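Right after this note come the structures.
Consider the two complexes below, in which chain A is the common component and chain B and chain C are the respective partners.
After this line comes the complex of A and B, so read on.
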C-alpha cells in the first residue's frame, strides 16, 4: 500500500512526461515522412520538367504545362490503381500538398460515387475537394489581377 | 544540384502542410485551399518567384505552385491586355493542369473501382 502510494506520483509524473513527448515525437516522425515523400514527388516533377525542357525543347510555359499534366496523370493513375492511398497513409501531407494529391482528391470521390451515375455521381463528386481549390485559387488570382490593373492605372 | 533543391524545398513545403495537419484542426481539403491561396498572394507580392528560380519543381509541384501560376498568369495578362487579363490570365496559365485533372480524373475513375474498402 505504502509502496503503491510512493509510486503513484512518480508514475503520474512519468505519464505526464510521456504525454508531453508522445505527440511531439509523433509529429516529428510525420514531418520527416512528409519531407521525404514530398521531396521525392518534387524530384520526380523536376525530372519531368527537365525532360520537357531538354528533350522535348518546350518553352517556359510549355514546360510548366507539361510538368503539371504529367504529374496529374501520375497522381490520377496511381489513385485508380490503389497505390496512391497506400503511399498516402505513410507520407501524410507529403502526398497531399503536391499536385499529385490534387489529382488524387479528384479521382478518389469520382470512383467512390460512380454508382450514383455519371452526372450527379462521378462528374459532380470529382470536385468535392478540387472545386473549392479552384474557387479560391482562381478567385484570388482575379482579385490580384484587378488590384494590379488598378495600381497600374 | 537542381534535384537537391527541388527535394529540399518541395519536402519543406510539405512539412509546413504536415504541421498544419498535425497541430491544427485543418482538414486536407482546407490545407489545399490555404496553400493555393497563399501561392497566389505570395506570387503577387513577388515572394514566390525567387523560390521557383531556386528550386524549380520543388516550388511548382506543391499546390502553392499552382497558386503561383494562377497569380503570375493574371498579372502578366493584365500587363498585356489590361483589366480583361485579370479574368483570363489565371486559367490560361493553368489550363493544361486543370484540363488534365478533369480528363484523367474522369478517365481513371471510369476504368478503376475503389480498392481500399475490401
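After this line comes the complex of A and C, so read on.
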C-alpha cells in the first residue's frame, strides 16, 4: 500500500510546499461565528426549556425530554426545508454540535437516499453519519455506567 | 520541426502525432443552473433551470445530460446516429453508469472510458487515434459530471450542514461533446478549422497528497509531468502554444502547477488557463474553483473551440487532469494518484 511506503524526497518536498502555500481556514472568524450561532441555538433551546418548565409545568425529566423533542423537530424540519445546510455553511461547528445538528445528520442522508428505496435506502443509510456518534456515545456510557456501579458497590 | 512531426506517428516516449489528423466538426454542451450564471453562461447550448432536469434522480439527470450533449452536437452538424462510428466517453460515477446508460439510448458503438476528470482529453486522444488510423470516420468524444451525484458519491449528503475547506472545489454540473471526423468525411460541419494534431498520454503521478479536499494539489504534479513530456517529446516550447489549458486544477492547484513547471524550467504563467478557474466567478463562492470531468468538457466545447474556429487562438494544448481516487481509497487513507492527458488542437 502506497501510504505504508517511505516517502521519497520529492514527495516530502512537494507536501511541504503544499502545506506552506495552502489557503488556510479562517479559524478566528469561524470560531466567532460558531460561538454566535451555537449561542443562538442554545438560547432557543433555553427558551423552549423555560416554556416547558413555567407554562407546561413539566418536571425536570419531562422538561429535558420536551426540549430535546422540540429542538430535534426544529433541526429536522429546517433540514427538510433545505435551510439547515445554509445555516451550517455559515455557522460551522455552531450548528453541528447542538442537538439540531444531530437531527440534521440523520435527516439529510435519510432524504438523500430515499431514491434507493425506504428499506435499502432511507433506513439503511439514515445513520451513516450519526452512527459513529451513537456507537461510541452509547458504548462509552455503558463503560462509565459499569465503573459507577462498581464504585458504588 | 513540424516537418519532423509529419514523418512518424510517435515522438519521444509519450507523444502521438497524427499524420492524418481528425477535425473537430461539431460540439454540444449542457450546463447546470449555477454554471449558467457563471462567466461562460451565454456560451452553453443548454442551461438547466434545475439540476434534476425533470428526472426523478440526479443520476438520471446526469445520464440525460451525456445523451443530450451528444444529440445536440449531432443536430448542430445535421448528423444521424448512423454517421457516428464510435462514441467515446465517461463520467465520475461508479462503473461510469452515466455514460453506459446514455450509450444504451444512443445505440452507437461505444467505448466507455474512465480517466476521472481527465476523460475529455482521453476521449479526444483515443478519438484522434481512431480517425488517424482510419478505424473510424466520425467519433463523438464526451464527458459529463454532476455536482449532486458527485457529492453523494464522494462526500456528504447535500442537506448536511457544514463548511467546506478553502482548498475544496465544486464539481461542475456539465456535459460536453466534441464530434470529430477523419479526412474522408465529407458531410456537414459547423467547425472547419480545428484539427487534433497530436496528443500526449499521461503517466500516473502521485506526490503523496491524501486530502480529498485538495485535489488541485494532488493533480498538479501530473499536469506538470505531462506538459514537460510533451514539450521534450515534440521539441516545442510554451511559446509555440497560444494557450496551455488545464482541466480542473482550480486556483490553488494552478499555483502549484505553475510552480512545478518553473522547477522544470518551463515558464507558463502568462499562457496558462484552467477551466476550473474560468467556469465560476469568484463571487459564486466556490472556494478554489470548479472540478469534475464536465468542467473541462463544457469549457472546451462551449468556449475554447469557438476561439480556435474564429482564429483568436491558433494552437492550444488541452490537458485535462484527473484525480484517480475512490471513496474507498480515501477512507483507507491512500494518497491520490493524478493523471493528465493532453491533446493539441490547432488551426490548419
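Throughout what follows, the second predicted complex is superposed on the first by the 128 of 153 C-alpha atoms of A that agree within 3 Å, B and C clash if a C-alpha of one lies under 4 Å from a C-alpha of the other, contacts with A are read in each partner's own complex, and residues count from 1 in each chain.
Note that contacts are C-beta pairs under 8 Å (C-beta built on N, C-alpha and C of every residue); 3 or more make two chains touch, one makes a residue touch a chain.
Note that this is a predicted model, so its numbers are computed, not measured.
Visitor: Does the superposition put A:85 against chain B (first), chain C (second), both, or neither?
Guide: After superposing on A, A:85 lies in contact with both chain B and chain C.
Visitor: Report the partner of chain A that touches more of its residues: chain B or chain C.
Guide: B
Visitor: Thinking of the overlay built on chain A, is A:138 touched by chain B (first), by chain C (second), by both, or by neither?
Guide: Only chain B; A:138 stays clear of chain C.
Visitor: Just to be sure I read the superposition right, which of the two partners does A:101 touch: chain B = first, chain C = second, or both, or neither?
Guide: Both: A:101 reaches chain B and chain C.
Visitor: Taking the superposition as given, does A:111 touch the first partner, chain B, the second, chain C, both, or neither?
Guide: both
Visitor: Is A:68 in contact with chain B, with chain C, with both, or with neither (first, second, both, neither)?
Guide: First partner only, chain B.
Visitor: Between chain B (first) and chain C (second), which, if any, makes contact with A:129: first, second, both or neither?
Guide: Once the two structures are laid over each other on A, A:129 reaches both partners.
Visitor: Given the touch rule stated above, what does A:14 touch, chain B (first), chain C (second), both, or neither?
Guide: In the superposed model, A:14 contacts chain C only, not chain B.
Visitor: Have a look at where A:52 lands relative to chain B and chain C in the superposition and call it first, second, both or neither.
Guide: The answer is neither, since A:52 touches no partner chain.
Visitor: For A:30, decide between first (touching chain B), second (touching chain C), both and neither.
Guide: Both: A:30 reaches chain B and chain C.
Visitor: Touching chain B in one complex and chain C in the other: list those residues of chain A.
Guide: 30, 79-80, 82, 85, 92, 96, 101, 105, 107-108, 111-112, 129
Visitor: If we count contacts the way the header does, which residues on chain B are in touch with chain A in the complex?
Guide: Touch list, chain B to chain A: 2-3, 6-15, 17-23, 28-29, 31-33, 35-37, 39-41, 43-44, 55-58, 60-67, 69-71, 73-75, 77-79, 82-83, 85-87, 89-91, 93-102, 104-116.
Visitor: Tell me, which parts of chain C touch chain A in their complex?
Guide: Interface residues on the chain C side: 56-57, 152, 156-167, 206-210, 214, 217, 221, 252, 255-256, 259-260, 288, 332-335.
Visitor: Which residues of chain A touch chain C in their complex?
Guide: 1-3, 7, 10-12, 14-15, 17-18, 21-25, 30, 79-80, 82, 84-89, 91-92, 95-96, 101, 104-105, 107-109, 111-113, 115, 129
Visitor: Help me check something: in the complex, which residues belonging to chain A touch chain B?
Guide: Touching chain B from chain A are residues 26-27, 30-31, 33-43, 45-50, 61, 64-69, 71-73, 76-77, 79-82, 85, 92-94, 96-103, 105-108, 110-112, 114, 122-123, 126, 128-130, 132-134, 136-138, 140-142, 144-149, 152.
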